[in-house]
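Okay, got some structures for you below.
The two complexes that follow have subunit A in common; it is paired with subunit B in the first and with subunit C in the second.
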Partner chain A sequence: MIQIRQFPYRPHDYETEKASNSYLMSLIAAIAGLPLPIVNLLATLFFYLSNRKGTYFVRWHCTQALVSQVFLLGTNSVGFWWTVSVFMGDVDFTNQYMGYMVTLVLFNLAEFAATIYTAIQTRKGIHVEWWFYGNLTHLICPAK
Partner chain B sequence: MIAKTIIQGLLTILLFLACWWGLSKFPWDQWLGQSDSKNALEEKLGEQLWRLYSYNGQELKDEFIVDTVDSLVNALCEANDLPRENFKIHIVDKSEVNAFALPDGHLIINSGLINQVTDHRQLAGVIGHEMGHITQKHVMHRLVREMGLAILVSASTGNSGGMIHDILRHLSSTSFDRDEEREADSQSAQYLDAAGINPIHLADFMYMLSTLNSDMPDALYWISTHPDSQERANNILEEYEDWDKVDQSIIQEETWEKLQSVMP
Partner chain C sequence: MSISKVDLFLMVKGKHFENYQISNIYNRLTGLRESDWQAVYMQDFHDPTSIQVISVLAGSLGIDRFMLGDVGLGVAKLLTCGGFGVWTIVDWFLIQGVAKEKNGEKLRQTLAHMPNESEQE
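== the complex of A and B ==
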C-alpha cells in the first residue's frame, strides 16, 4: 500500500520540512474539521496552493497529501449526512448504516496512520508513494 | 501509468464496498439495542421537553376532557391512515391560546386555546396543523437547523437543564419557517377534508385571532408563533372555495359546550 521509492534528486532540508508539513496540515485540519470533512480538504488545498510554485519534491508531496483526501472527503460526507438523517429520523438506523460507518472508521484510521508515517519519512527526506494516490500524483504533478 | 492508476482506483473502491458489505452482515441493531428504538435522540428530547413543560402547567387528565379531544384526534387519524400512537396529546392548564408540537409526536394543547375557539372544527384544524408539523418531521429538522445536532445530543442526556429550557422556549414561542407553516396548513386542510370537515374552519380561526386587538396577549400567542395568518387563511380559502361536501360534526354541540364549560 505504501512504497518507498527513489526520488529523481536528493531534497534539501527546507524541502523535506515543507513537504512533511503538508501531511501534518491535513492531520491537524482533520481534528479541527470534524465532523465536516470539507474543512480538512480546504486546509490542505490552501497549503497546496501556497506551495504550488515550490520545488518538485514539495509540490509532489503537497499534491499527494491533497489527492489522498478526495476519496475520503466523498465517503466521509456521505457518512456525515447519513448520520444527520438517522438522528433526525428521516431514515432508519440499519445494519447497512453501521457497516458503512465502521468501514469509514477503518479507512480513516488507515489514512491517519499512513499520513503520520509519511510525514515522518518525508521529513527525513525519504520519498514515500501511496497506493493509487502515488500514481495519480505522478500524472497530475509532472517533473517539468 | 494511466491504466495502472485506474485499476488501482477501482480496486480501492472495490475494497471499500467489500468492507461495507461484509460489515453490514453483522447484527449491529441488536448489539446496539436499536431494533425497537427508531430514534432514541428524538424520544429522549421529547420526553425531557414534555417533562419540563408539565412543571409549568398542570396536565388536565379529566376523562371527559381527554376523551373529547381524543375523539377529534382519532377522527383525523382514522380518516388519513395516520397511526394514532404517533401522537401523544397533552392538554395543559394554561391561559395562553397556543398549541405546539414537540419531538417524538408530543402535541401540547393549552386550555386557553380550547376556550378561545368558537367551533370544535376550528380546534380540529389547529390540531391538524400541529399534526402536520409532526408528520412532516418539521420539529427535528428545525431544531437541528437552528440549534445544531451537538446541542441536541447534549440536551437529551438530561445533564443540561439550561439547554433544554432554551429549546422548549424556542419551540413554544417562535415560528417555523414560512414554507414549513404553509406545508402544515396544507396538511391540516387535507386532514380536515378527508375527515369530512370543511378546511375553511382553520382559516376562520386564523382570521379571528388576527383581528383580536393587542391588549389580549394570551389570545395572540398562537398568532405570534404563526405569522402571516391572514395571508395563509386566504390561501386556504382560495384552495377550498369550491368545497361542496356536507360539513361533518365530529362531536355533538352539547358535548363541545360542556367541554368549554369545564375547562379551567
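== the complex of A and C ==
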C-alpha cells in the first residue's frame, strides 16, 4: 500500500516541513470538519494552491494529499447522504448500508493511519508514495 | 569585524527567515558598510512564533493577516469568519512561512539600496 521510493533530489529541511504539514493539515481539517467531508478537501486544496509555486518535493506531497482527499470525499459523501436518507426515513436500514458504512470506517481509519505515517516519514525527508495515488500524483505533478 | 556582525545578526534574527534565505542574507550582509548597519538593525521584522500564536487564537478574525500587512486578505478572512473555518486551519500551517518570506523580502528591499564594500572598490 505504501512504498518508500528514492526522490530525484535530497530535499532540504524547510521543504520536508512544508510537505509534512500538508498531511498534518488534512488530518486536522478532517477532524475539525466532521461530519462534512468537503471541509478537508477544501483545506487541502487551499494548501496546495498556496504551495503551487513551491519546490518539487513540496508540490508533489501537496498533490498526493489532495488526490487522497478527492477520493475520500467521494466515498464519504455517499456515506453521509445515505445516512441522512436513512435518518429521514426515505431509505430503509439495509445490510448493504451497514456493509458500506463498515467499509467506509475501515477505509477512513486506513487513510488516517497512512496519513500520520506519511507525515512523520516526510518530515524526516523520506519520500513516501501511496498505492495508486502515488502514480496518479506523478501524472498530475511533473518534475518541470 | 564585519563578519562577526553578520554572525551576530543571524544568531539573533535568523529564526525570522526561511532556511534557504540565510546563505543569501549572509553573502549580502558580508561587506556591508558600517554606516548601513544601523538601518539593518533598525528593521522591524515579524516574529513568526508570535504570528503563529495569534493565528491559533484569533485567526478566524483575520488578525494574523492584518499583522502581516495583508489588509485585503485580512478583511476577506474577517468577513467570512476565517473562510468558514477552513482558511483558519490552513493558515495555522502556512502563516509562519508567510511571515518569514515577508521578512526576507523586507530585508532584500532594504539592502537593495545599499552598496557593499566590494562593489564600491
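In this section, the second predicted complex is superposed on the first by the 144 of 144 C-alpha atoms of A that agree within 3 Å, B and C clash if a C-alpha of one lies under 4 Å from a C-alpha of the other, contacts with A are read in each partner's own complex, and residues count from 1 in each chain.
FYI, a residue touches a chain if its C-beta (ideal position, glycine included) is under 8 Å from a C-beta of that chain, and two chains touch if they have at least 3 such contacts.
Values in this document were obtained by computation on a predicted structure and should not be read as measured data.
Because the two structures share subunit A, they can be overlaid on it, and in that overlay subunit B and subunit C fit beside each other without clashing. Once chain A of one complex is fitted onto chain A of the other, the partner contacts of A:Ile120 are absent, as it touches neither subunit B nor subunit C.
Shared-chain residue A:His12: touches subunit C; no touch with subunit B.
Which of subunit B and subunit C touches more residues of subunit A is settled by the count: it is B.
Of the two partner chains, subunit B is the only one touched by A:Met98; subunit C is not.
With both structures placed on the common chain, the touch criterion links A:Leu24 to subunit C but leaves subunit B unconnected.
Once the two complexes are laid over each other on the shared chain, residue contacts for A:Leu42 go to subunit C alone; subunit B is not touched.
Contacts of A:Ser50 after superposition: subunit C is touched, whereas subunit B is not reached. Between subunit B and subunit C, the minimal CA-CA distance in the chain A superposition rounds to 18 Å. Considering their complex, residues 18-20, 83, 85-87, 89-90, 92-94, 97 of subunit C touch subunit A. On the side of subunit A, the complex with subunit B involves touching residues 71, 75, 84, 86-90, 92-96, 98-100, 102-103, 106-107, 131-132, 135-136, 138-139. Those residues of subunit B that touch subunit A in the shared complex are 1-2, 4-5, 8-9, 11-12, 16, 19-29, 32, 34, 38-39, 41-42, 137, 140-141, 144, 149, 152-153. Contact residues of subunit A toward subunit C in the complex are 12-14, 18, 21-22, 24-25, 28-29, 32-33, 39, 42-43, 46-47, 50.
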